[in-house]
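The chains carry the letters A, B and C, assigned in the order they are written, with residues numbered from 1 in each.
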Amino acid sequence: MADLALTDVMKTYGRGQVALDRVSLDVQDREFVVIVGPSGCGKSTTLRVIAGIEEETSGDIRIGGAVVNDLCPGARDVAMVFQDYALYPHMTVAGNIGFGLRRRGMARAKVHERVKRVAEVLEITDLLDRRPAMLSGGQRQRVAMGRAMVRRPKVFLFDEPLSNLDARLRVSMRSEMRRLKEHMPTTTVYVTHDQTEAMTMADRVVVMNSGRIEQVGPPMEIYRHPANLFVAQFIGSPAMNLLDATLTETGAEIAGKTHIALSGARDVGRQIVLGFRPEAVRPADSGMPARVRTLEPIGQEIIVEFESAAGTRISSRLPPDTQLKAGENVHLTVDSACAHVFDPRTGAALDSSA
Amino acid sequence: MTHRFLRILGAVGAACAVGIPSSLAAQDLITRDRVGLPDAPNTMTFRLTAYDLYSSDDATRTAFEELFAEFIEARPDWKIETQIATDNIGQEQARLLEQARAGRGPDCAMIDSSQLALFKSADVLTPMNAHWSEAEIDDLFPFVREAVTNEDGDLLAWWWFTDLRVLYRDTRLVPDAPQTWEELQAASLATVDAGKEGVLFNGGRWEGTTFDWLAHFWAQGGQLVDDEGRPVFAEGENREKFLTAINFYKDLVDSGAAPPRVTSIVNYDDFNAAAAAGTTGLFIGGNWQYGQLRGTLPVEDFAAWEVSAIPGPSVDARATGTGGWTIAAMSDDEDAVRICAEMIREIYSGQSNAIQGLLPTSAAQYERFDAFDGPEYDVFAQALVDGQARPGVPIYPEISNNIQILIGDVLSGAATPEEALDAANAAVQAAYERL
Amino acid sequence: MTMSDTPVAAQKAPRRPKRARPAAWPWLAPALLMLGAFYLVPILDVLRLAFGDATLLRSVESYGLEGIQQTLSSPALPGVLWVTVVFTAASVIGILATGMLVALTVVRGEMRGLWGMSALRTVVLTAWVVPGIANGLIWQMLFSEAPFGALNSTLAVFGIAPVRWLSDPSNAMVSAAIANVWQGTAFAMIVFYAARKGLSQDLYAAAAIDGAGPFARFLFITLPQMRAAILVATVLVTIQTLNTFDVILALTGGGPGRATEVLSLFTFNTVFYNFDLSGGSALALILVLIALLLTVVYIRLLGDRPDQDK
């Protein structure tokens, strides 16, 4: 058990291509951190640099306080679960799980004992003599987890472990992961592009974009207080609505007509981007004129997409009994308490939003 | 069969073409597979080596192209279809023999003098007596005449050039030509003292090794096969002579007069290289290397190199192995045989020797051409009197193979001469039975 | 790659028809005819000749076991077989080891973006396209024991005494094997290179994290994962080496003595020096039998794992 710290980690490739740009991150002992971001944002690279499979260009990586930069992957005492599981095809399930222990010189009998115990936890005892080719996707995933768990490493690293599973299996594996997390709390860095996984499993979420960390925080904080436009748009589905607006003395004015009240101090006349989540907008007798474009009933609610007079699309999450028809002209009102204000130039959230 | 059919076709074509004026000179007479006009009614097929008409040497090729052009212009109703033999002589000649036996051989072909006996005994050669006079045949060197005629006196091939092995020496190191084995050994050791390698000769696994060594066996009067062609080299007196000649080689290597590397020499070119590098003062090589050295060495170095007859056990007992190429007819068609004979006469015998500096096979021709005026030709012509062709018997290649093995084993110390000779004889006798 | 959650083993293999439907024959006939004409007929002819008494000078006059018996009892044969065993073993081990070394070096170099990897690959491949005879001649120049010989004069620069590369019987065997390895490496390299390229990098990452060092990764990942490629390369390289005689013919001619006369060269000599077509055919049959036997042995040793993931 140990904490993990990255300090100003840079990773550049041959032709000046920057994969990681001064990434700094502290993961507490037994904390479960999920790194999320679009593909190519550097989240997998971060993981591989921590594991030692890829070498950082500069910066420090500490595990349990000790700098591990110069240690080979095997000496860092981390375990990793790969997206394609990377099971050794020519070894049995037991061989796969026990490989790391054997390489570390543990006696055969003791390895057997440890493997058996892990297999029981993962409920794969009857698969121990099979080879990976004879397993289903979910079973392989469990074996890969077993291979990581059996070593009781200081740090667990997961590289999109659920992305090769079908949707139904993914949901059940997600809750399984949570159960294992409870059962064996270990410092964990979990990489995914799926924000649902991030929101449901993480103690803290790290949002990455273009090799940089955009925001770090508990899931709901990230959701409620996105630090910038990127996080605001990336987290949440449907995405946050964003409209160009101008600050007034009492709020913000959208397209010179609709006014939204905002509290707090402000620079009057300043151009901003006003953001509000779909659940903060609803039709009303007055307000911003808009036309209904599409309706998506998904059972417990309806996702409605409006189009403003200026042509901007606005999504809204409405109760299932809402009576609207496509093409209908309505007025929209925004819950000003839930509005966010961003600087259009830097994308950073402005204080006045809260 | 095929060319007879072609000939009929050609005749039809010629009949149709009557009245159309054609200029021979205006067309390409010589191509990669033909000499003459493509529509000439008569065809002779000819298998030749790639050293004359198709030589990579421009001067040689041009000279032969002129000869062939002249020859075919005088016979406008003929064309020669040429087939180039590959460099792998043993395999090539074996294939030619097989084709000839199956009746698929060319009308006319170059045959290595050492393989001629095989073709004679396979009865695939057409006599060419009509095209040479008795006097011309009698003028051939004895070993040549014996090889190209059969018991009935039929002339089955024309041996158009020969070659022989001689001793080359750098007169700056070895002023006087060694005449005997003893003198050769002493002279070699003297060159070793002068920082050279000693005497070089072929000792690896190839025909040249046997051929060069046979001079020492023949010089004592040794015989490889008896009159019926049975291998007798390990019997009676021959055995003693064989061992004496082998021990001579062994002594050269054991005493340091020759370097152990001779068992890896499988190429006459190695001697040219050593001469050019100035690392040797003596080697046993072919007469054709004289011209090669002239082209390779600086003038003052070349002037120091001289040739002499291969030393024998005594001054009077000498021999040298002779080779060269013959041309023979294999066709049933008298006209094709005639063209083949005329081609030998007008292009190869004499003319060709002069162009390429190849040794003619009769004394008269040395007088006829200025090309043979150099002092070295006196040595060659004299040595040819002691010339000895390899026995023209089917078992010869296998005898040669076993002598190569024997020389390698003895010189590398893998076997004693007696053991090696017994092994060679056993192998040859077994092969002879199967033949 | 998507995976269903159904265990692969539980799925039933699609049932194959028990016999080929008659409609298949017209489609197979051209291939069978070609194979028959170009492979079967020559093989049958060799069989016929082996039991006959044909020479290059005459065709078979009588049939029997005499020829085979005489060929097998040839006093030279045991030595030739031993030379063949040594040459083949040295060549196969040498070719596989250097082929593996070059392939892994190239793959590793490419991964690290090192310059010159495709050049290295090309150089090795060049050796492959050099004809055997030319290869023999090249090495003959290198091994030349003349005072100006390439290797020996290089050694002399470092004060090392000249080596009798070709004139010493046991050295000659080593030299012949080196020449053959130099040429044969390319083939093994291509096979191993392709196989290694096909392996998942994550496997190596997983093994590294599991604490496997470079040698353990080679032992536990590379070797087992490349088992099929190694089997294929071993079989083909062995057969190719057994059939090799052009390199040796040009390099040593089989000498000194019979020190480098392998079975294929002995066969060649039997036919083209001895003109013994039947004896040569009998030897060719022995060659075929040895190749078949070795192939079965290799498959037993290397190919008995039924369930590979590939």
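The working rule: contacts are C-beta pairs under 8 Å (C-beta built on N, C-alpha and C of every residue); 3 or more make two chains touch, one makes a residue touch a chain.
Everything numeric in this text was worked out from a predicted model, so none of it was measured.
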Most remote chain, CA-based centroid, reference being subunit A: B
Identifier of the chain whose CA centre is least distant from the whole-structure CA centre: C
Rounded Å distance, subunit B centre to subunit C centre (Cα mean): 37
CA centroid of subunit A to CA centroid of subunit B, Å: 87
Averaged-CA centre spacing for the pair subunit C and subunit A, given as whole angstrom: 54
Per-residue multi-chain contacts in subunit B, two or more chains: none
Subunit C-facing residues of subunit A, complex: 14, 48, 51-53, 72-76, 78-80, 82-84, 86-90, 99-100, 103-104, 130-140, 147, 151, 164-166, 169
Subunit C - residues contacting subunit B, complex: 53, 55-58, 67, 70, 74-76, 140, 143-148, 164-169, 172, 252-259, 261, 269, 271-276, 278-279
Subunit B - residues contacting subunit C, complex: 90-91, 94, 97-98, 101, 118, 121-122, 197, 203-206, 259-264, 266, 270, 273-274, 277, 279, 394, 397-398, 400-401, 404-406, 408-409, 411-412, 414-415, 420, 423, 426-427, 430-431, 434-435
Touching residues (chain side subunit C, partner subunit A) in the complex: 1-9, 113, 200, 202-203, 205-213, 216, 220-221, 224-225, 227, 305, 307-310
